[in-house]
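As written, the chain order gives the labels A, B, C and D, with residue 1 at the start of each chain.
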């Protein structure tokens, strides 16, 4: 395997990691501030993708589509928070898991009812549809490069938001002590709605970004949701930094595992069974990674005990 | 040293720059109540946690009944005979008083691995639990759910659970906290008798109780024991008065 | 308002009556449906031991359900093809005898539950939920890409396995087997709940620190509970495979874990008959709503959501006196 | 009382079931189990619509069709099959889309004396060792389209193919089917994860492999994701696939990325025969969308059934079986007959994805295999 190919694969792993980070950031933020496990986060991702596809189809503008994905997911997120989620903050994790599981059912089937069973069309904008040549002669998809940049921008934005702004201060206070923040005179229910909508908007954005190179269809959120959970659990639930590190780890493990493991097994078994065994192990790799991390650090890499 | 049941030798524990325990040595002898006092933030909770096994000291050694328990878990220390009550009640809140105390009785028996016989019909366990409940004066509340008990009753319940274990050493973290005057008085006289059964290491803020009960007192300030001695010695100890009692008196 | 015990007997009799009624009216499908509810209830009873009594919210119980199913599939497919499972170092033959299959299913799933528990119980809270999910997913992907037993396609067993003295292909007789198994397990779980072990297990859920302080080891207690719980769910998996005469990786999917959990919440957490009521209700809804609309998942979601939000004791909680189950 | 309403519900379910016992002579009851909810619903809906269109056009009111949704779950499918056989007492079953569901349902249904007509799935076991006189496949054996693609690649002079499929039995069969008829070298063979959505790593491997063609089998959303990402990657090695990833329902979601891709299919909407022209027209009029491959298969399945009904009573199983075997119906695919294993012998075409106005669709550009049967027929002793 050539060095250029390995570098390209590492880049692919990073880019997959960044996509996961967009999804995981919202999830971990919501958990960190409100202590809520939100299985319906994948549905917000789907909402973003469908909103983007619908707007792109009627206006033809990718930027408008992205804006729509942010807005739609944020609005849906806020409404869900007001109607359902806020009743769950004081409940145990079991209730949260089940209620948000129910939300998945409702969201998925409602979307199918509205948009039908066939996948929708959403394409990358013309300007980004080609490739750019990176140093070393790697031809890399411009759109994927943009995803990396957006992810980095969101990561920086979140760090700034949390460390430098008033809202960020309140969020941090809420993470440390939910009662204290009430005592500070902050309208806690408004803050929660805001944080939930923010997390939802991030999920919606990533749904739209990813939807353009994957398929926009009902049920698209669940596989990503599970991966995002793996990410935040590895990183330590509630930690944005953990989400970033976890996302990159998962992205790299998954991508490189898929490429390397079949090659590795080909050293001592016949080609087609090596491909099969290698792929099987690769599909389990991130779960093995997660179990391994938790065995050594039961609260994740950056989690608080 | 058969006379010394608990011997804490020069233990230290730091959290970052903060030295919560700084070379603490302490011992507890048969038949005595040894009170540990100190202002807030002096490191009493950290010390208790290390004795109970929740935290491991960075350096130093803890002997319980002649065994080195420094590296043992909470459960293992409990099995050796360390009975503990908590500053903030650690009880199964959905259980009745009886059920909570039955847990202690199970612990005394050394295992819960009986899967088929109804536990509430186990005469031996029940007797053990009921007598403990009687001794702390909760007989009338026996079937009340713990979450409905008053604060003081919960403290009594904690003591009852500890009693079932028939411990050789009691470790009590502020048993008087939150009790009314009446309750404190009752508990004081109860503890007074309890020392016959097993010695008590008592962490307490209630100075009346401490002076009434303690055979010896150790004073902990900034992670260090600054003085150990009998009531009069401590009352008249200059450094203690300055560091601690002085503030209180003022 | 009625007492929970009375309600439990009523539910058991109702299920029995349903099957017998269907038998008298010659409605074999209704019997099959009731049997499905009974088997899923058994899976729920298994999870409820860990989740309700032990407070261990496992989102990976599909692993044990699937393992039980595959134990049946592997044994029966080898018996069906007259090929041994392995010849070296010693010969293991397939079998189509239910009692042996059950035994194997229980041994395999409790072994895995023990190992998974050993790792998972080091964590708690959300981490526990997620690490059990991860183990479930591992087995799911493994079963998909393991070609020997059909991979994603699954494996069909053409004839239901046999039980000495009974004709298992007769729906009512197979129902009888499953019903008896369920009743025996419920009896056992009830005894367990009220035993020393049950007292300690429930105590560990409420306050692990308390259990430690009396000299008991909550980890050990929870590990044993998790293992028993996995074994029961595994047994249910073997029965479920026999009901359908078919196994597939779907049994391992995280949605299956979610559904088993749904039974418990519909019926009432930590209640002896909670999963039974929940599973029966779920099957009823599936067939009712499924007939009403293609989009019946919406209604199911709304019902589930309302139960979680407004009827915290589940259906049994709504019908009997206390909101909290007594231990 | 809630208990009471549950009981009532139970009783009413029972009553409903018992009232639906088949009656009359010459009548025929069809049980259709197909996927109508969840992610894979598009395929089932097309099969159902195609099937019902044929029934409606025939004006034959002796056919009663019971339709149930399997949610793409094998255990649900098995229970629905039990229900159809035990309480609905259907004569013929059909509708299943997915091979794994077919493997769960078909063997026990035919063992109980029911006829099964497969409108989509064709697992190899049912074509070979586990073939059954009561099982008729009206679509294809699973390997067929892949074999045709291999034949096309050989004929087109391709020498170095990169091949790719998800790591599950149908994926492994697909690559084997391709290799059976492909005579060139392999530049690479990759199994992806089932349900995988990101193919950057595989595309990088393709780029580095020096292949002259890429054959991929990635059904549903997987194929959409792959093609979009492939188009954006700048790799211009030509793609070949089976029709599943280029179906009418999916193409609109792929868009320009699919243009020009060659794919193999036993049907195309531009196939010039009388039945097909009429079918495409009436389907569009009835449902307001272009028919898909699946719709054509559903339509053919119903017509096969109707043709047999015209010749024999379903109660006379031997006569009915013989009538089915004749395949005396006008197929949308033109010539159609059954081999010894009751699987189709038919032409398989090569199509190219084109754009007609605003709609992406396929155009037939050649025939890959003529009168093609399947590789498993010899294993079937019928």
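Just so we're on the same page, contacts are C-beta pairs under 8 Å (C-beta built on N, C-alpha and C of every residue); 3 or more make two chains touch, one makes a residue touch a chain.
Source: prediction; values computed, not measured.
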Chains in simultaneous contact with chain A and chain D: C
Farthest-lying chain, centroid of Cα atoms versus that of chain C: B
Chain centre separation in whole Å, for chain D relative to chain C (CA means): 34
Separation of mean Cα positions, chain B and chain A [Å, integer]: 48
Centroid distance [mean C-alpha coordinates] between chain C and chain B, Å: 44
Rounded Å distance, chain B centre to chain D centre (Cα mean): 73
Residues of chain B whose C-beta touches two or more other chains: none
Of all residues in chain D, the ones touching two or more other chains: 37, 41, 167, 172, 191, 193-194
Residues within chain A bordering two or more other chains: 108-109, 112, 276, 279-280, 283
Interchain contacts (touch definition) - all pairs: A-C, A-D, B-C, C-D
List of chain C residues in touch with chain D within their complex: 10, 14, 18, 21-22, 25, 27-30, 32-33, 36, 141, 144-145, 147, 150-156, 158, 171, 240, 244-246, 248, 250-251, 280-281, 284, 287-288, 290, 294-297, 315, 318-319
Touch list for chain A against partner chain C, complex: 31, 37, 84, 87-88, 91, 93-95, 97-99, 101-106, 108-110, 112-113, 226, 229-230, 233, 237, 276, 279-280, 283-284, 287-288, 290-291, 294-295, 298-300, 303
Contact footprint of chain A on chain D as seen in their complex: 37-39, 41-42, 45, 167, 172, 189-195, 197-198, 200-202, 204-205, 207-208, 220-222, 224-225, 228-229, 231-234, 249-250, 252-257
Residue ranges of chain A in contact with chain D within the complex: 1-2, 4-5, 8-9, 12-13, 15-16, 19, 108-109, 112, 116-121, 123-124, 128-131, 139, 141-144, 210, 212-220, 223-224, 255-256, 258-259, 262, 271-272, 275-276, 279-280, 282-283
Residue ranges of chain D touching chain C (in the complex, touch as defined): 2-3, 6-7, 9-10, 13-14, 17-18, 36-37, 41, 68-69, 73-75, 78-79, 82-83, 86-87, 99-100, 103-104, 107-108, 111, 123, 167-170, 172, 191, 193-194
